[in-house]
Each structure stands twice: as C-alpha cells, then as structure tokens.
Amino acid sequence: MGKAAPDKVKTKAEALDQFKDGSSVMVGGFNKVGVPGTLLRWLSESPAKELTLICNNCSNAEGGIWYPAASMIKAGRIPTVRISYLATNTDLRPMWEAGELELEIIPQGTLAERIRAGAFGIGGFLTKVGIHTQISEGKPIIEVDGEEYFLEKPLKADIALVKATKADKMGNAICHGTSKNFNTIMAPAARFTILEADEIVEVGQLNFDHIDIPSIFVDMVVQSEKGT
Amino acid sequence: MEKEINIREFIAKNVATLLKNGYVVDLGVGMPTLATNYLPDGVTVFIQAENGILGCGPKAEEDEIDPDLIDAGAANIVCLPGGCTFDSAISFGIIRGGHLDATVLGALQVDEKGNLANWYLPGKMLPGPGGAMDLVAGAKKVIIAMEHTTKHGDPKVLKECTLPLTSNGTVDTIVTDLAILERTPEGLKIAAIAPHTTLEHLLQHTGCDLIYDDPDSIPLMIA
Amino acid sequence: MGKAAPDKVKTKAEALDQFKDGSSVMVGGFNKVGVPGTLLRWLSESPAKELTLICNNCSNAEGGIWYPAASMIKAGRIPTVRISYLATNTDLRPMWEAGELELEIIPQGTLAERIRAGAFGIGGFLTKVGIHTQISEGKPIIEVDGEEYFLEKPLKADIALVKATKADKMGNAICHGTSKNFNTIMAPAARFTILEADEIVEVGQLNFDHIDIPSIFVDMVVQSEKGT
Amino acid sequence: MEKEINIREFIAKNVATLLKNGYVVDLGVGMPTLATNYLPDGVTVFIQAENGILGCGPKAEEDEIDPDLIDAGAANIVCLPGGCTFDSAISFGIIRGGHLDATVLGALQVDEKGNLANWYLPGKMLPGPGGAMDLVAGAKKVIIAMEHTTKHGDPKVLKECTLPLTSNGTVDTIVTDLAILERTPEGLKIAAIAPHTTLEHLLQHTGCDLIYDDPDSIPLMIA
C-alpha cells in the first residue's frame, strides 16, 4: 500500500531484490557516522553492477564501513561516482586518470542542496559556490539583482540507502547527533528508499516532534546488523 | 435531492471512491475533507496538512486539544500514531516534490485542458492561493471537487477558464454533483454520471464538449 | 558578542528599540499557531511605520492574535504586504484595489522556499508552481533538461519576529507541533531576529538533537506574555 | 625556530588573534583547529563543524564517546551546552547563507586578488573540495593558515594562482610563518611580520608585490 504502509520492515532477501544493474544509488553518511553499513555490505554481496554512486565520501580503508562500496568501485561495478571528498579513497584518482571511472566532484553544500532540490521539486538553484572555478564550467551564469550566480541542477536517484539511529516500522526515523547529515535529504530524493536502523520500534512510540525522516520518504526498513 | 447538505455529501462520497488504500493526500477544507468520512472499509488514507503535519487525525476532543496542533483549516486536531510534524519548507518540499499521491481541492472554474482557477474572482473575492498552487503543481493526482454550476446556473467546467489561473493543465479528475470527468489527451471524458441527472442535462450545463463512448453504458456515480 | 552570546533575553523596551521606520518585517506563524503575538502587539505599540510585512496570512479578526498587525495595515503603517493567504483579512482587497496597499501574493510553498533561499545564500530557484499564471508573469522561464520552470528570487528582511514553544537563553528553540511552520526559516532570513517563547530555560537544558531554531539565528529572546 | 611543531603552533597562535569573542566559526582540520588552543582569556568562539553541529566541543574522553557525534575531521567530540545538530542541507545553509563570522582553512596557493587553491594538485593530489568551496564562498571572513612556501621553498602567495581554484577573490587574510597579509583593493598588505624574519626575506619568498607603509613600523606577529 505504498508510502503509508504501517509495516515496512523487510528481510535481507527482500532488500537484495531491489538492487538492479544500472541503478543510481545515493548513500547517506559523513565519514564514519550515519553510514548504512549493513546495506552497503548487502549491496556488495548482490550481483548489481553498472551502478552510479552518489555520496559525500567513500573511504577505501580495509574493513571500514565504506569498504564494501570502495571495493565495488575497485572491481569496476560502480563506473560513475558523484562525490564531494575523495581524500579517504586512494583508488579514485588513479582510476579516474586511467579513464576507468567517471568522477563528478561536487562541493559538499552543493551536493546537499542538489539532492534536496531533487527531493523537493526544485528545478535548479543559483549559487556562488565555486563560481568561476572548474565547478562552474559549462553551467549558465545568471545575474540576479546585480549579483552573479550560476545554475546547479537537481540530483535524484533510483535507490537511496540511508541510516537512522531509531525508526518505527512505518519508516519514521530519528538520526541522533551528526548522523542526520545526508540521510534526511537523500531519503526523499530516490524512487525507492531503504532505511536501516540500529533500533526498530512500534508505530506510535516516537514523538511526532522529533522525526528527522518522515515515513512517507521510506519504502523499506531493515535492521542494522551488529558491527556495521 | 435536497440542495446543500446532500450535494456536498454526494460529491464527497464520490471523491472517496477515487482515494486508494494507503494514499498520502492533502485535502482542501470542506467537501474534500468530508470525503474521508466515506472511505470504504479497509481503505485508509494518510493525510498531510500543508501547515506542517503528516498523519493528521480527527478533530481533537475537548480534553485532547493541543493548542499548537492544527490542520490547514485551523481545526485543533490530533496527530495519529506514525504521524510527524515539520516546517513549511519541508511541508511544501513534500508537496512540490511529488510525494503526495493525490490532492482534492475546490474550484471556481476548470477547463478541458485541465487548467484550474480557484484563487481569485476579480472584483469579488481575492483569497490568495495559500497552498493551492503548490498542491496542484506537485501532487501526482489532482482531483477537483465542486458543484457543476455556479449559484446562477452558469457552467464551471469550460472550454477555457476566464478567471486568473491557479495552474496550467494539471487537473486530472473533476467530481461534481452531475458527473465524474477524467482529463484525456482529447479532452474531458465522462467517467461516471449522477443517477439523478441525464446525459442531456449534463451536456447542457457543461461549457465544453465531453467525450463518452456508448451513452447508454456510462457508469453511474454512487448515491 | 553577537550570535553566540550566552544570554540574549531582553526586555520589552529593548525589543521596541529594534522597530524602525521603513523596515521589512517577517512574522512567523500559520493561522493561529506559531504566531509571535506578544511581539506583534509590541510592534503595534511602537511608532514604527512605512513597514513591509512578510507573512503567510494575517487575519483582521478583532482581538485575534494577528489583530495588532492587521490594525497597522488598516492604519496605513504597513504600506506593503507580501503574503500567501488573504481570505482571513477582509481589509486587504479593498485597500489594494483603492491603491492604498502594495500587495505581493505568493504561493505558500514559494513563500517558504524564497525565505529559505534568502536565509541560506541561494540566489534564486526554479519552480513550476504557478507557471504560466499571473504568478510567473515577468519572471524568466528557464528550461532544464527539457522541462520548463521559472525563476523565483530569495526573500530577506530587516527584522524577523518568530515564536517558539520553548527556548534557552541563548536562543536555541523548540517549536512544538505545527508551530514550526515559517518560524524555522524566517529566523535565519533576517538581519535581526527576535524570538518570543512560551517558556525560557537555562542553556544546556534542551536536547541538542531537538533544536528547531539554532541559537545563531536569534539575536534577542523575549518572554511571551500571557494571552498571546 | 624548530621546524614543524613550532611553525604550526606559531601560525595557530597568530590565527587565534584574529578570532573575536563570540565569533561563530568553522575551522579546517590541523592548524586552523589548533588555533582554539591559543585564544586569549575571555575569548570564546562557537564552532560549527560542517557535518552538522554547532557548539562543537573538545575531543570526547573515553567514557564520553558518543559514536554518532563527530566533527568534520571524524574526531569523536562532545557537544557543548547550547549546541545543536542538524542535517547537511541546513549545515551548508548556515555556511552559504553568511551565518559564520569566519572560517580558517589551509591552502596550496593564494594570490593577490584573494583567489584560493586548495582542492586539487594535478598529478599529485585530488582530495576534492569537501566543504571548502562552500566555506570560502559563504563565511563573512576567510582566513588562510599555511606555511609561507612549499616544501621546496617555492612561494605559495602568488600574483596569480596556477592551480585549479577553490574560490574567486574571497580570501581576506593570510596567516603564515612569515607574515599576516590582509587583502586590500590595491593588493596584499603586510598587517604583521614574524619576529624571526626580515622584510627582505618575506618579500623574497612571496610571489607577488606586498604593500606596507613604513618598513620600520610593521607590527610584529606574536611569538
């Protein structure tokens, strides 16, 4: 029954069914916090390939929470990456220079705002961030009231993988501390959103004032596995 | 059929048939909201109010009133389990971003191209669009609930709206006391007709051509 | 010490000092909820005139929470109003038609998004809301990936008057229920923001996860008076 | 002066003199963050980390660690009283919207027009801009903290940046181990000089002209 279903809690097998070749995949998290580590591992265990990854950063530290995604990039299963911060993944530069990887580098706030625009029906927005640098090359410059800006376009995805500290079965979610980051804006920006939560509670147990991700942005809820 | 109350109920009942189980909807004040009283058993919809709540419940009883919790019509309501509250930027992000399955709104005029006029009657009424322009631009399905003609008997379904527009070609379905009309690429099609009227009467009181297949097999609206 | 001052709680006299002729004033609230009724009354008691009012709605019901503002409009002290919903103020149409009032009518979501853009350094955004209606007249149509949008510009103000359910002395604020509405986005969109709260607590008593208005958006905190 | 540690401390100390009481700031990892250790008594700054926190406190003690609470350098920190957390859209709204009094960042190159390069060293390093482009576009005051020359002794303060730019004309102040330079409409002006260097040495190791009034009365940086 869609976005208002009262129980969206599903199994690993049902989540794996959603991973399709050719999908664009948004992944929440900043560094080690708010990262859907269980879903990333499941994604790497699926056969999905020809993926586009949209995320803030993606460390290739072995055993790290981003490692399943980094190893998929290394293996050529993610030929396109749209990302803000590359320093923690030493594979990206050489693969990009060798023509093995399409890399779109996006300032972090512009990445967030483009995702929000995609989520919220904004056709594009005017910014000064990166104007007259490589970032603005090829993008239209538009003057508003004597100030120069350039146009950035919205970003959407086929799938969003997001992480919450606590969620109810319907998908309402609370992201504690700095784990809100990209999770709150990616959840509404994808055609299908899977949320993993450290703790899943019954509907009605969360305070309606404290919801960071409203249930209607979430299609599926899974339990985080320990150690991710 | 008795005027006023019954017409409103009749329209609301037929709007209810268009709302599917699990729909996330935003309903205008009046007939649109009334529709939730007529949802069939087993059908529930999840209601957004554009002032910042999802899971908008019924009117609060005296002892349940939370002064900070109202719907878009300013009624003190309760928030249902699974509901949540948010600010206007997020609320209209939900609306504009296509996260609503449907919206139901009233209208002054609708035309065969799906144009809608409901925010400005020059010289008479200037309510402002409020959230209506956002709703009709963003919701996946736009349903109009209105009486088929004005108080003076003039058609409100037209070849072309003459009043200032609320939206351009975004209306999907029109539910009136005479018919349910569906917009198609060719024009408005009669999806159902009121049991208490005739095709002739309907066509006579409509300001544009209507499409229908076999005049004898047009489905009837529910009474 | 500016936006990070630990105690911004001030008196009525100090708030009145901020009301200057010619200011643009954003006022939070939707209908009767989240309206800074005490500040509106103080504003009406000040001599400020030639004001621009930016708000969602402004009922002229006598004794209602918006009445101080509505009576200022009626008295000619607010010659410009930017607003979404007029039905609850029966003065606006005749004054506008008589040329006594400049009225900018803005769809509610566009109003919210323009204020957010002003608050957050966005130079403008592309929307479909009201395209090819009176709302889009004179605004540039911009096509993005084959879809038509038009450009809406940011809105800022000299002063924002906002309301919270609970605030700490530094200005961190919690807006319960549907009182978040325009308060969270207006607070950062003005040069000077005054927040009134039903309850004021010591710094450190609010949960950092639950703040709807961060303190740095607030310049002054006042206690709501009873009955507003 | 001993290389490394002392140069970092010297720069951090002098950056600290530019941070005023009550400033809301976002500080890059390394020397910028180190600056908070040298704030004079009575001066406190309120720190934003762009990953979503205001009131970013010191590193958490073992028993205080909250795994969901980090700063932009991924250190587990505590949130100070009066702090709050938010998502990336709001965090960069704060940054881009001009709500920060200052940001302090490192650089590969800065030029006399206030252009900055710090995100891409072709063939060597491609860290990506992260939040740096947003910070230097949005903060009211942009302070660069860096060594005056590269490891090979080449000037990093130039007539014109040769590396890909991070921002266009937004740098206000440059703090190095040799000088504090302020951008003026006419070019970079020496606001202070390191006590352990000479004007001649400074000019020699700078890739553009510097402005100064009386060479004998240039203020000294603090040691």
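By written order: A, B, C and D. Residues from 1 in each chain.
In the analysis below, contacts are C-beta pairs under 8 Å (C-beta built on N, C-alpha and C of every residue); 3 or more make two chains touch, one makes a residue touch a chain.
Just so we're clear, the structure is a prediction, and the values are computed from it rather than from any experiment.
> Looking only at C-beta pairs that count as contacts, which pair of chains has more of them, B-C or A-B?
Higher C-beta contact count between the two pairs: B-C.
> Please compute the C-alpha centroid of chain A, do the same for chain D, then give the distance between them in whole Å.
One centre to the other, that is 30 Å.
> Where the CA atoms of chain A average out and where those of chain B average out, how many Å apart are those spots?
35
> For chain A versus chain C, what separation do you get between their C-alpha means, in angstrom?
From the centre of chain A to the centre of chain C is 33 Å.
> Considering chain B alone, which of its residues make contact with at least two other chains?
In chain B, residues 53, 79, 85-86, 92-93, 95-96, 137-138 touch at least two other chains, as defined above.
> In chain A, what residues contact two or more other chains?
Correct list: 113, 116, 121-122, 127-128, 176-177, 208-209.
> Output every touching chain pair, sorted by label.
Every pair of chains in contact is listed here: A-B, A-C, A-D, B-C, C-D.
> Once bound in the complex, which stretches of chain B touch chain A?
My answer: residues 21-24, 44-46, 53-55, 79, 81-86, 90, 92-99, 101, 137-138.
> For chain C, which residues count as touching chain A in their complex?
These residues of chain C touch chain A: 113, 117, 121-128, 142, 144-145, 147, 149, 151, 153, 174, 176-177, 208-210.
> In the complex of these two chains, what residues of chain C are touching chain B?
Listed in rising order, the residues are 30-34, 56-57, 83-87, 92-93, 96, 105, 107-113, 115-116, 127-135, 165, 175-185, 212.
> So in the complex, the part of chain D that touches chain A is made up of which residues?
Residues in contact with chain A: 49-53, 66-70, 72, 74, 79, 85-89, 91-93, 95-96, 120, 125-134, 137-138, 164-168.
> Under the stated contact criterion, what part of chain A meets chain B in this complex?
The contact residues of chain A facing chain B are 1-6, 116, 119-122, 168, 170, 172, 188, 203-204, 206, 208-209, 211, 214-217.
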